[in-house]
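One chain, chain A, links the two complexes that follow: it is found with chain B in the first and with chain C in the second.
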Partner chain A sequence: MLSAFDANWSLMTPEIVLLVLALLIFTIDFMTGIKGSKPFLGRLSVVSLLITAVLVVFTNNSSGFIGEIFVVDKFAMIFKLIILVGVALVITISMHYLEKNPDVYQGEFYSLILFATLGAMIMVSSVDLITLFVGLELLSISSYCLAGFKRKSKKSSEAAIKYVVLGGVASAFILYGMSFLYGLTGTTGIITIGRELPQLYVDYPYIIMMSLLFMLVGFGFKISIVPFHMWAPDVYEGAPTPVTAFLSVVSKLAAFGLVLRVFIVAFHSTFNEWAFILAAFAAVTMIVGNFIALTQKNVKRLMAYSGIAQAGYLLVPLAATVHENATMSIIAFYGVAYVFMTLGAFAIITWVTESSGKEDLTSFKGLFYRNPYMAIVMAVFLLGLAGLPGTAGFVGKAYIFIGAIVGEMLWLAIIMFATSIVSFYYYFGIIRQMFMSEPNPNDGELKAPLGITTIVTVAVAATVILGVIPGIITSYFNSFNWFF
Partner chain B sequence: MMSNILSVLVFLPLAGALLILTIPKEHKNVIRSIATATAIVALLISLVIWGMFDRGASGLQFAQTVPWIELFFLQINYEIGIDGLSMPLLVLTTVVTTLAIFASFTIQTRVKEFYVWTMVLLTGMLGVFVALDMFLFFLFFELTLIPMFFIIGIWGGKEKIYASFKFLIYTGLGSAVMFLTFITIFYQGFLASGQTQLTFSIIELAQIFANPANPEILTSGLRAGLFLALFIAFAVKLPIFPFHTWLPNAHVEAPTAASMILAGVLLKMGGYGLIRVGIGIFPDQAQRFALLIAILGLVNIIYGALLALVQTDLKRLVAYSSISHMGIVLIGIASFTASGMQGAIFQLVSHGFISALLFFMVGAIYERTKTRTISELGGLSKTVPILAGFTIAAAMASVGLPGLSGFVSELLAFIGVFGASAEILPAAKTIGVIAGLGIILTAAYLLWALQRTTFGPMDEKYSGLPDARPMEYIPMIGLLGFSILIGVYPNILSDVINITVIDILSKIGG
Partner chain C sequence: MVPIELVLALGAILFCIGLYGVLTRRHLVIVLVCIELMLNSVNINLVAFSSIGPFANITGQVFTLFVITLAAAEAAVGLAILIALYRNRESIDAIKQDLLRW
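For the complex of A and B:
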């Protein structure tokens, strides 16, 4: 039996440090009065995240276990780094947003985001169903609160309520699915489950598949794949824009980590049974996400559907797994690309929608005349999301595609490319607004705040560099043994 | 320098684009000069390469390979090089683009962006013609898409948004099919090669498909499927019926300079890709589908010509004539004879100059009369005799008057078709005769249009229009000059492409 004293707690250093720093920010917030502008807390949060990221690099580099509960491996390390960088970008975006929206309690906002981040880190690092669930709930509950943070906005409250109710149902599905596994194996450790499953599958194939499907419904909700995506557009629209960015990047990728961990570690022996199910979900997600995005007029809803479609792309390598390490390299590369492209786009969306006071696509009208740099950079992000060459999005898609061909899922690859072309239409629709329409007569030059300019510059550099010389991280990823 | 000369040529315009980006947008003349200078330097470099090109050597020249991306068993290289097929197209690209830039001096709005996009476009086009790695080829191919989307969408005519999106989606679909096929070719080649790592090189894959270590993987059905998929991918660009519907919109709405580049160079990427990748990797399948290619070529010639005949808009007429003329490329290829193949390449080059000239003339006329409707024009030879003269010359070149380049390419293609072996191309003579009728249609619609626009009674409101400006002589004389040069002295071109044509045909075993 594992005792609390002989566990190697040092493996958890980054999580513990982040928890302490989050509590510290929480405390400072209390002591300085809840209301008011607190940009220093935002800066402190970014610093906390960067400290944690450095600690992740140093402590998670070699594998290690705390019982069969918590694991540190390459998978956990890369996902944590992606999450931490993503959250740091989100907080920088929100610092601008919060200045414009004084009704939001800033300290609470930052500490909640940090708690959510902690949950996400635990999620990708756990090999126990209970720990996994705890991490997931920490992330989810913090996200529910964040979605409703604009207290005076009806839409924001609606988003939060919707998210809580549906998210709760999804969690129930996950737990129910987990309970089957526990019932069969008598353990919650997913490594043991993975070891025992082949034998058990002979006797109880239906129960195991049912467990898998129940969990897939819940996970599907969290990563917003069709048909469990209904909440996403409403919540994305209602939530404060930086929270939308958080949900569409950090929350989604962390939940993706969960899916990967559970499916590859626990259910790998039944791959032949679920590969097609996942492929079908991926196909439907790509088709529905991309086609419905065509009809959207609100930029946040558009990004919600774009995010749904992107979740479909990310599922493709998992459905076409030949070797887990190859699949992980592909997904991790696309994940990195996705973080920079989507958060870069969201930074500009936040800035533009806050400046114009509306979230319509027409708020981008003539942006090129008003701020050429931002318009060009936004175009790069959109081209990247559409998967055009010269951007990380293209390499990521090419990579996914090669994986799909090797995994003999040509039809899925074809759907992916066909729907990508559909996505040209709406991504280029924004480009058209920016470059091919004159601005409204009373819209003058639009100055971007320093924080936003900085992060979009970082994100655009990453998008282009990874698009031109992806070798700098692919060669690194390809050498990994991702799990344990 | 000499070993990198192709890379220098390809990336020089990109450097020019970056330089233009640093110039404030008010300095329109500085920006124009930089763009012009960059294009001229690129033109000179391409002429130097033309001069240094070893006409007697088979295989690739100026080749360069640098490792680039490694993804598991896939090795992507920055691999470039040229042979007799790409050499003329490289010069065509620099010539047409340079002259298009001279034609674009009339653009006054958003000058800076226009030249940035034109320079990026030039890099993309040159890259397509030198790339030997399929990944690189695709990258450059797509790189031409974005600038053209912007150029049509910003500086285009009334329906510019519709035209630019149609262009984007159509050619985007073509590219998607291309990419899917490339990866599948690569993967099947990889399986058949028995190697643990394989490059994405067109040359290496062609060798593997010719001599696979595990031939049973590359079944005839698979090869046929892949070839047809490639054919469709390039058919969108060339364009081949029924994938041509984007072309009239894009050509008509694009500003003059962009129409020149579109018709002069971008369409050629489709023909080039078909020969380089399609026939390069699947010579056997290309031969197998010769009849299909020939029939589609016929459809292009006749259908394009018939549509051109009924157009009321002069620019649309020229656009449909492009579709018709690209049919000759297909027929030349389908004959699988040396002269047919030569004719196809000649037609790519020749049509590049002639169509660019035609579009330039239409643009110049429109700029003065503010109309392109054929029925509203008339008597231009009296008001603007020089412009009308060049228009007539361009139309003659397009019809295939001896002494001009169109004649040589059509003649070669027809010699090819009539000399085609019956095993490869059944009913070759019938195809040749029908294609010949199509050429008569070309004469019909062009001469008829000329008669209605340049001759006939002069409309009073057009009297006193200014004739050609000095700046306009450069593209007119340049483009017509190249057409005459090839028409009078075809050896200048055939000399460069001969060995490559023989190489291509030797792989087919014909």
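For the complex of A and C:
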């Protein structure tokens, strides 16, 4: 049994440091008054995320356990790094957004994002149902607040209430599934559950399946797969744009980490039972996400449906697992590519929608003539999300495709290929607006602020480099065991 | 001693009532109450397993405490958002919140 004195608490260093820094930023926010812009808090948040990322690299390099509640392995380390880099980019986007929206209360925005990040970090490295749930709720409750952060906006409050209600129902589903898992094993440790599950599945197949399905419904809400996706477009449209970026990247990848941990570690022995269920969900998600995106006029809604489709792609390797290390390499590579492409696109979307004051696709009209660099870079991100060769998105999709064929799910690979072709159409909708149509006569040259230019350049460099020489990280991803 | 099936059935019934309420009620306060009902059905399950389950131990009750705490946090945030919504829209009828669709 775990004794608080024997446990190796130093494994939690990055989380503890991030918690302290987040509380510090919270306190500085109180001390500097209610009104006014506070860009220094944003810079401080970016610095604290980078400190945490460095600590993750140095202290989480080897694997270790704190009892059976908290684990540090390669899986946790890589996912934490992806999350931290993603949040740092999101905060840079938010600094531009908050500058344009002085009515949004500034200090709490940053500390809430940091608390959500902490929740995401705990989620990906917990091996206990309780810890996992606490991390999930820390992320979710912070996200509810962030979604409703534009207090005076009707859309923002509506998005927040929809998110709270549906998120609460999803949590209840997850917990109801967990309660049966606890009842049958008498423990909440995922590793012990994974060890006892083969025998339990012989004794109580229906209860185990029911518990798995309940948890899958709840997780499906969090990663927004069809048919549990209906909250996503509404919340993404109503929430402030940086929060949309946060939800579609950080929150989704952290929830994916949770799904992978639970399904690969705890439910590994029943793979044959859930592989087809996940494959069916992935197929429906890819089809519905990509086809509904065709009809969208609002750019944030379009990105929401695109994000739903991407969640479908990410589920494919899990459904077609042959070996868990190979699956994890594929998913992690796509995750890295997804972070850079999506956040790059969201940086430009935030900048364009905030300067034009509307969120229609037409706000991109003639962007090429107003700022050629940004238009070309945006085209790279969109083509990367669609999967054009030469970008990280193509390599990621190629790996998923090959993985699906190796896992003997040819039909899934074909659906993925076909829906990817469909996705070119709606991404080209934005590209057509930027390049093919003249700008409105009174729209002059549009200057991009330094912060946006910086992250966009970083993201485009990553997208292209990973697309041309993917070996630099895949050789690393293939060189170790992901789970302890 | 009460057989565990009865207690689990109570939990399942509560869960269904809660879910039904969330899906059909129009008043958002009632919807939040129904979510609490769903979470409480989980608590009943956990406590039942922890006292008369096949592997009865204290972990389930600890889990219950966490669930209660987080449910309270979620309700607090939910009610705060509800007030913000009421100030903006002058209504907390679920049907009337229809700015965001498709």
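Criterion: the second predicted complex is superposed on the first by the 484 of 484 C-alpha atoms of A that agree within 3 Å, B and C clash if a C-alpha of one lies under 4 Å from a C-alpha of the other, contacts with A are read in each partner's own complex, and residues count from 1 in each chain.
Criterion: a residue touches a chain if its C-beta (ideal position, glycine included) is under 8 Å from a C-beta of that chain, and two chains touch if they have at least 3 such contacts.
All values derive from a computational prediction rather than experimental measurement.
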Touching partner for A:414 - first (chain B), second (chain C), both, neither: first
First, second, both or neither for A:141, with chain B first and chain C second: second
First (chain B), second (chain C), both or neither touched by A:401: first
Touching partner for A:157 - first (chain B), second (chain C), both, neither: second
Between chain B and chain C, more extensive residue contact with chain A: C
Touched partner set for A:168, first chain B, second chain C, both or neither: second
First, second, both or neither for A:180, with chain B first and chain C second: second
Common interface residues of chain A - those touching chain B in one complex and chain C in the other: none
Footprint of chain A on chain B - complex, ascending: 68-72, 74, 135, 138-139, 142-143, 145-146, 149-150, 153-154, 160-161, 164-165, 168-169, 172-173, 176-177, 179-180, 183-184, 187
Interfacial residue positions of chain A with respect to chain C in the complex: 129-130, 133-134, 137, 140-141, 144-145, 148, 151-155, 157-162, 164-165, 167-169, 171-172, 175-176, 178-180, 182-188, 233-234, 237-238, 295
Residue ranges of chain A in contact with chain B within the complex: 326, 383, 388-390, 394-395, 398-399, 401-402, 405-406, 410, 413-414, 417-418, 420-421, 424-425, 428, 432, 435-436, 469-471, 474-475, 478
Interface residues, chain C side, partner chain A - complex: 11, 15, 18-19, 22, 28, 31-32, 35, 38-39, 41-42, 45-46, 48-49, 53-57, 59-60, 62-63, 66-67, 70, 73-74, 77-78, 81-82, 84-85, 88-89, 97, 99-102
